[in-house]
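First, the structure itself, so that you have it in front of you.
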Amino acid sequence: MAKRIESLKILENKRLNNEYFTLELSGNDTIPEMKPGQFAQVKVEGSPETFLRRPISIHDIDPQKNSFKLLIQIAGKGTETLSKLRMGDYLNIIYPLGNSFSLPKNGQKPLLAGGGCGIAPLLFMARYLNNHGFEPVILLGFRNKERIIEYEEYLDLGEVFLTTEDGSRGERGFLTDHPALKSLHYDMVYCCGPDPMMKAVASLCSERGITCEVSLENLMGCGIGACLCCVVDTVRGNLCTCTDGPVFNIKELKW
Amino acid sequence: MAKRIESLKILENKRLNNEYFTLELSGNDTIPEMKPGQFAQVKVEGSPETFLRRPISIHDIDPQKNSFKLLIQIAGKGTETLSKLRMGDYLNIIYPLGNSFSLPKNGQKPLLAGGGCGIAPLLFMARYLNNHGFEPVILLGFRNKERIIEYEEYLDLGEVFLTTEDGSRGERGFLTDHPALKSLHYDMVYCCGPDPMMKAVASLCSERGITCEVSLENLMGCGIGACLCCVVDTVRGNLCTCTDGPVFNIKELKW
Amino acid sequence: MVKLGFSIGDLQFKNPVLTASGTFGYGSEFDDFMDVSLLGGIIVKGTTLEPREGNLYPRMAETPSGILNAVGLQNKGIDYFEKQIYPRISTYNTNVIVNINGSYIDDYVALAERINRLEKIPAIELNISCPNVKMGGMAFGTSLNSAREVTRAVRNVYSKKLIVKLSPNVTNIVEFALAVEEEGADSVSLINTLLGMSVDVRNMKPALSTITGGLSGPAIKPVAVRMVWQVAKAVRIPVIGIGGILNTDDALEFLLAGASAIQVGTASFIDPQASIKLLEGIEKFLTARGFSDIKEIVGYINK
Amino acid sequence: MVKLGFSIGDLQFKNPVLTASGTFGYGSEFDDFMDVSLLGGIIVKGTTLEPREGNLYPRMAETPSGILNAVGLQNKGIDYFEKQIYPRISTYNTNVIVNINGSYIDDYVALAERINRLEKIPAIELNISCPNVKMGGMAFGTSLNSAREVTRAVRNVYSKKLIVKLSPNVTNIVEFALAVEEEGADSVSLINTLLGMSVDVRNMKPALSTITGGLSGPAIKPVAVRMVWQVAKAVRIPVIGIGGILNTDDALEFLLAGASAIQVGTASFIDPQASIKLLEGIEKFLTARGFSDIKEIVGYINK
């Protein structure tokens, strides 16, 4: 999977709510093979405050349409500028970058746990699991019902459970409190979300001896292993989130 | 004429050719009184290369509509970014800045000489002269006929002469070669354009003892007399183009 | 109400937002945009004994997130200042501070003596860091001995508050801060501009008439914050942070790093109201975070 | 065809565009984006005698037109380099140069001896300017005596081309350039990063785990161009310009100011093809202006 630098056309900029939007992108060339967990380094034009590219996960791909999607949360100047892109504009990206989630072993039951923006790489992963004959349990956590995004997208891909912190929809509380985590059977967990959430899921998995992969969001300088700025402390020493990750088995992390 | 800082709405962005465009601006408040020769310091949003504001002359005003226009040449990143503004966008400007052209004495005949982008402040000046009972001779110089802009706008305001360097329309050659400059009668010259043109007009005027005012385009840091970066060497020492100018009587300049 | 005041010895400032010398004229240039008296203080243009024409045009070049300038201390001299400017600016209800400059120590001394007599000027800022003059200026600020000598000489004749403005173009700015503190400075302000240069590629020649000039603006902020942090840990006098402050967050960086106050420079060219806006922003931040006195956040990152 | 080559003594470079240490990995990170062999040379990651884990995360912060980094020379040490990296990178058809670092002079010497034996490494870049390590690093580059000593010691054991990379965090960089030239350096490269710092206002703490870090990117370009200009006028050895070069015009600024070659650093993070693109741009500029050899524009502004 050779990395590419390309300016891709925006087919759609879809606003999900006041915080989230998705960009659908397509190029002249056939889009490269990509795997769930991989990301793109996105150039932000016209934002004087945004000197570096911004790392954004591959959210979903549509090989038929030769397109793929990014799901982006407005977190600061860079993502805000991206939110103003219109259909037909071009976005310069470097992709596909990083490693990817691994597949479960035959017969294993996967669980996906995503919180807020952390659901970004999990839609692609759910689809990928389906394509490989796995039906995941999907656990999604949001702050409140206004912030729920893309819930419907998941319904065909597995059994979906929902939590909101205020209980305005689904189970009340944190994702990590959801009874599904305790009661259901699964052998492998894929998790992405805020650090505290990932750490809670990770410790739950360690206790129960369940394999768990998390997708980290360290600050990145280059995204291609050249700057060594994105390191995470692991049992093998400092590893790069951009090339050795962003997906790590929790056994490797010094959490 | 108190200076203001305001975000004004763009009523129209009219493309004149591949190099020039005009922006028509209007605000909620009544636009301030402005005089020909004055300028605005324009903020360029979304251009990382453009740290400072850009000085642009007041091109024309329409008190009825409570609007005024800027005529802008795409010279670099800043003006290029401005050229992409759309109707309804806002432009942050500081204005009105600088001094202005002075009126001729009663009975005097004025001549306006503008080259390329130098015509920007002269349309306003021509209108202003009309309003004060003067009918100027107007001499406009362009590189070739494709680059002629706003010619029609001047026709009602005085006797208009045209030169193009390649002779594709009007008199062939430089504006300073136009016979009107030699043959016609006038007592006062207002000139704006590239430095060599202004210097040629200035020396012609000095020789013949004709009063001449030129509008200078020095690099500006602030536009309000605070940085002392825009100085021009005069008989009174270094003066600021932004506050003592941009209009100078050539007698003051050490040309 | 959050307490915003700070003081240099017994000189009170109502808030920590000042404007930097050479970027705010004499204040009146900004009257149309704000009530200058709301500021903690204004440092007026660099002033010299004799009138100076400054350097030849071009004196300014835009650089990434900054500008280079080579104004070269253009000003009409102390006589003109005393007669024409002083009466006007002494009506401002804030601390008006004069930034003084010289080619020789005697110049500084003579200027300080003159200004000592001006009742409404409670402090001077001793500029030993101007990179744009052939003699004096930065030379004083990059030699430890000269910095000491000029501070000592001025201290001897000047009885009000003495702020020394340090040059960042040195290996170890802490040495300089400690030296001028020892010689009696009541405060240090930093940084002045970094010596820089830009080439006009189109014309294949230097962008400035003087070839090199002083770099200011957001580009230098990380260097300025670092130096302020280093100096604030080392000295006991108040530190005034300068360099690339455009907005509230920038100002807070300096305060959190140890500055007791800040000066807004180049930002005023882009937004003449920048200083006032960030003063409001600082107050909002303090309120939102539950602080009642700005002193609680000065040097917070060291706590 | 325009001549683009330059040389350090008898070491030829096919063109003046190199990539800066610590920003281009070992080259192979960029294989997908360009043919690395088209470059004039690549300076690989800062290498030490022993493996180093570098500093704690966070090691990077974005600043206006720049970044701060505090990587702290993370690398797997010279043994690993020799066995695992060297065989791979020695296939590049360009000059591969190793950037060496140490805490003591002996470290530098030992490293230089090791690398002297590697046939395909025609030069080392002696890094006496890393601001991100507790011992050595910048300390060597900010003391004239240490700079002399380490250069002399390495010169004694290293027979190929010796480039010394200078620190900008000094009062007078020309002194340093002259000193290392006298001790036998074949070239000087400048600048390394400016010592800077950034505060995370939201969390009210330093943005970097190490508090201070090295500032790079366009923000530092005016300082870098100035230093290159000063040094190029003073020394007789070739000067390699580094600092904030993003595009052709930036590279030309350095060449016109006196650099014989340039290094592209942080720009490669934003555009991995930046170095190759500006190489093309330089060639186009020379052709358009009617120059037949790049040497004609080196130091042009002094002519």
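Letters are used for the chains, namely A, B, C and D, taken in the order the chains are written, and counting of residues starts over at 1 for each.
To be clear about the criterion, a contact is a pair of C-beta atoms (placed from the backbone, for glycine too) under 8 Å apart; a residue touches a chain by one contact, two chains touch by 3 or more.
Keep in mind that this is a model prediction, so the values were computed, not measured.
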**Item:** Neighbouring chains shared between chain B and chain C, ordered by label
**Value:** none
**Prompt:** How big is the gap, in whole Å, between where the Cα atoms of chain B centre and where those of chain D centre?
**Reply:** 47
**Item:** Where chain A and chain B are represented by their mean Cα positions, the distance between them in whole Å
**Value:** 54
**Request:** Compute the distance, rounded to whole Å, between the mean C-alpha positions of chain C and chain D.
**Result:** 34
**Fill in**
chain B touches at least 2 other chains through residues 48, 51
**Prompt:** Which residues belonging to chain C are in contact with no fewer than two other chains?
**Reply:** 63-66, 217
**Prompt:** Which of line, ring, star, complete and other names the graph you get from chains that touch?
**Reply:** ring
**Fill in**
In contact, pair by pair, are chains A-B, A-D, B-C, C-D
**chain C-facing residues of chain D, complex** = 63-66, 68, 142, 169-172, 194-199, 201, 204-206, 211-212, 215, 217-223, 225-226, 229, 244, 249, 252-253, 256-257, 285, 297, 300-301
**Residue ranges of chain C touching chain B (in the complex, touch as defined)** = 22-25, 29-30, 32-33, 53-54, 56-67, 69, 71, 74, 217, 268-273
**Message:** Show me the residue ranges of chain A that touch chain D in the complex, using the header's touch definition.
**Reply:** 2-5, 43, 48-53, 94, 218-233, 237-238
**Request:** Could you pull out which chain A residues touch chain B in their complex?
**Result:** 46-48, 51, 81
